[in-house]
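Structure first, commentary second.
A, B, C and D label the chains in the order they appear, each numbered from 1.
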Amino acid sequence: MMGMTEIVKTVAEWIKGFIIFYGLYIILQGHLSPGGGFAGGVIIACAFIMIELAFGGKRAETELDEHKSHNLDEIGALFFLFLGILGYFLPQIPFFANVIQLYWPGSPFHILSAGSIPLMNLAIGIKVGTGLYSVFTGLSHYDPLYQEEN
Amino acid sequence: MIEIAVLFLLLFMIVGMLFVLEIENLLSAVVMMGAIGFGLSVIFLLLGAPDLAIVQIAVEVISLVILIRATIHRDIKEKADESLSQVSAIPILVCLLLFFLLIYPAMSFLPVFGSPVFMNYYSSSIYYLQEGFKITGAPNIISAIILDFRGYDTLGEAIVLFTSILGALSILRYRNKKKEPSES
Amino acid sequence: MIYALCILLFLLGLYGVMVKRNLIKIIISLAMMTNAVNLFFVLLAYRKNGQVPIITNFNTASTVADLAVDPIPQALVLTSVVIGLGTTALMVALAIRLYHSYGTFDITKIRKLKG
Amino acid sequence: MNMVSLLPSFVVIPLFTGLILSIKSKKMWYTHFIALGSTILLSILALLTPLENSYYHVGGYNDFVGITLAIDPLSRIVLIMVQVLVFLACWYSIGYMDHYTDHSRYYALVFFMLAGMNGILITADFFNLFVFMEIATLASYALVAYGGKSHELEASFKYLVLGSVSSLFVLFGIALIYSQTAALNMFIVSERLDFSTPIAWLIVVMMSAGLGLKSALFPFHSWLPDAHSSAPAPISAVLSGVLIKAVGIYVMLRFYFNIVGIENAPLSLIAWLGALSSLTGVILAMGQHDFKRLLACHSVSQVGYIFIGIGLGTYWGLLGAILHMINHAAFKSLLFLNAGSIEHASGERNFHQMGGLAKVMPWSNATSFIGFTAIGGVPPLNGFWSKLLLMLACIMSGQWALALIIACVALMTLTLFPKIQKYVFLGDLPEKFKKVKESPLSMIFPMLILCFFCITLGLLLLVPSWREYYLVSAVNVLLGGKWLGSSYVP
């Protein structure tokens, strides 16, 4: 469908920024108060899906098309795996140890406080967000009813 | 007080489940699933698990959107004869009821609702609660568990999501099939 | 008593998976079974008027340890909720492809396999 | 860099290659090259792992707090089997996959399945076991539906629904385990689990139902013929040869012998269910006329053999079960690869329409002949030794009925396979197969290696030093009783 009426498009354009900001908030303070990588990532995916529904496939592709979202998804997963392997490069640090916390323990209750936990939250947030968006675009682009319209 | 609210929401979920099984229209069945999922996230909130409530609501919205994408424009109205069950439902109902009756007496051996089992041992949960903040520096014990103490689980879980997305995209290849002639 | 209701929900989902003919109904019943098992896990973790296991400036670690709810099942359910989402996404993709090749969501008409 | 610290690399390397390979690269040989390289590296690592039990605490936390990984002779022998077979399947799929597009996603899914299986084999934590089971089976659902044809999609959907239900039963069992012992580590659970309460029996029932469905035990075997016959050939070889064993049988062995203990495990029930599934498997296989469906039905009966061996619970029974697990992986994947090469060359799977392919495809003919004789149990080859061991174990433990069932199922398999050889390879060549040429070398070579395994695996039992190093150490681990906190540090 070529997107919805004008009202929905302008409102969607407006709200998109706030939703992504809210998702980032949930991700970044995941280790301080409830929330975390998964929830924030899914909220960011909802923002992009809202754009896709409001403006139809073509406009949404300019922002985040299938290949870019797939590669971002992968970069998130590789970053998470890298954080896990960090211990291999240092002597005697086992796999998946919280290395950053051992060497640079931040001051409690601050954003940069719990070693590699906020970074892992960020990695999962990127991965979940872009991954679910690419599933949704895959589902909708596959839909022949979708293709006849645009 | 919380136990009564949880009990009420659980009854709402069971009634909703019966509603989903018996309704004819697909779209309203999907919407009912969303309602049950939101009821579940309120239960999580009442049971003291805010992390789970946020994730459950967000996951419910995504699966609702994906399922509606699948059911829209497609034979919404289930024909009358189709809704008959593929195999006579009576024997399955009987054996499920039997299974439930067999399990019921064992329920009394579960920990009483309200006094969880981690209190009667020096279990790792007590260790996490006491030393978790000192070791990892993360006030939110649950993200300390899933990312630091049991980070290996979350690596596996992130890969589960990645494989399911990769699998779904590799099944939905209708689009690039048109470009290059694919399998014979 | 609450555990019994939770297992009843699990069995209802199992009934729906076994009996229903429509693919979407099967997907929904399976999602409900996942919800039921997750609920059972968190029900095990509840403590009488227990606190949220998050340490803030006001309560120290030791007071939280005496009052907090069990954190481990919540961490495990967080993972299995997202696994349920992955399975649902794969199933919806299969259901759409099956709809386009068989023209119906009815599993009894999708019978090209022999035996 | 001692061997122990390499334990997590069995999961990290396949994950890394899987993520790297999922980038859609235009040049094909990159993906093949990287895939083969990492499977070779993994096979060498599996062969180098030391004999004695080694434990690895992820994140530096002890058993009590973090997740521990444990490897012992039983998981080592299955690990070697998994790596070698996936290496051969990757090598085979170089030639086989030119029918399909999208190689990068295919290899990514194969490596995630491999990462899932390796994760199961090295973990000593229940929830970790569930997560990696989920990865392995989720990747196999997507691979079964990879062809995109309608019957493959239908088989994959049914396999997905049954697999998800069985995973939920396993998760329900893990929830009950946590409710009784407040711990997820296998060492602590096996110590705290007492069998006076009915909940412990409910745990055994739930886990047996979930794992039984995953390994196609008798009442739940209906999904296997559809799923394994509609997957691409290298994938059905890996599914039948290794996935059922790593996801189903290995976890059941670990759960029954090391956590529940022999005295509480329902072993006689497993033996009789195994006998029933071996009978139904062979009878199902008789009526098939599609090559791959016949092989899939037959693997249900061979899995039943392994369960008979496990159900006896004696030293000889377990020895026969483990040896048959390895032999079945060898000759069943050889026959699946063979069926794939015939289908790749002639595009025909119904062996009634085929005939006389021996003149056109000499190599496939030779390898399938060795495969059929091995599966039939002809003496020099490996099938004979494990069936003989299982028969002896049944007789020694006085189960005459089980020995009889093993004998007649072996007889039925012996009569079943030469008729396929006659239909497919001998006789006159129909005109539409005239232009059929032999499948490329990259498909022939893995089949030859599997033939070499079929011939030499019998020595694994005969040569005393090999037997001690590989098989007997695994059986002693199982008979060694419960994992009573050997590495548990309070």
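FYI, a residue touches a chain if its C-beta (ideal position, glycine included) is under 8 Å from a C-beta of that chain, and two chains touch if they have at least 3 such contacts.
Everything quoted here is computed from the prediction, not taken from an experiment.
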| item | value |
| --- | --- |
| Both-way neighbours, i.e. chains that touch subunit D and touch subunit C | A, B |
| Contact-richer chain pair (by C-beta pairs counted) among A-B and B-C | B-C |
| CA centroid of subunit A to CA centroid of subunit B, Å | 21 |
| Centre-to-centre distance between subunit C and subunit B (centres being mean Cα positions), rounded to whole Å | 2 |
| Inter-chain centre distance, subunit B versus subunit D - centres from mean C-alpha coordinates, in Å | 30 |
| Between subunit C and subunit A, distance of the C-alpha-averaged centres to the nearest whole Å | 23 |
| Junction residues of subunit A - those touching two or more other chains | 33-34, 36, 38, 70, 74, 77, 81, 84, 95-96, 98, 109, 128, 132, 135, 138-139, 142-144 |
| Contacts with two or more other chains, residues of subunit B listed in rising order | 50-51, 55, 59, 62, 66, 69-70, 103, 110-111, 117-118, 124-125, 128, 133, 139-140, 142, 146, 148, 150-155, 157, 159-165, 167-169, 171-172, 174 |
| Two or more partner chains touched - positions in subunit C | 14, 44, 52, 54, 72, 76, 78-79, 82-83, 85-87, 89-90, 92-97, 100 |
| Category of the chain touch graph - line, ring, star, complete, other | complete |
| Residue numbers on subunit B that touch subunit D, as the complex places them | 103, 105-106, 109-111, 117-118, 120-121, 123-125, 127-128, 148-153, 155-157, 159-160, 162-164, 166-171, 173, 176-177, 180, 182-184 |
| Complex contact set, residues of subunit C against subunit B | 1-9, 11-16, 18-22, 24-25, 27-29, 31-32, 35, 38-39, 42-56, 61-62, 64-65, 68-72, 74-79, 81-90, 92-97, 99-100, 104-108 |
| Touching residues on subunit D, where the partner in the complex is subunit C | 127, 130-131, 134, 138, 141-142, 145, 148, 150-151, 153-157, 160-161, 164-165, 168, 171-172, 175, 178-179, 184, 225-226, 230, 284, 287-288, 290, 293 |
| Footprint of subunit B on subunit D - complex, ascending | 8, 15, 18-19, 22, 58-59, 61, 64-67, 99-102, 105-106, 108-109, 112, 115, 119, 127-128, 131-132, 134-135, 138-139, 141-143, 145-149, 153, 178-183, 192, 197-199, 202, 347 |
| Subunit A - residues contacting subunit C, complex | 33-34, 36, 38, 109, 128, 132, 135, 138-139, 142-144 |
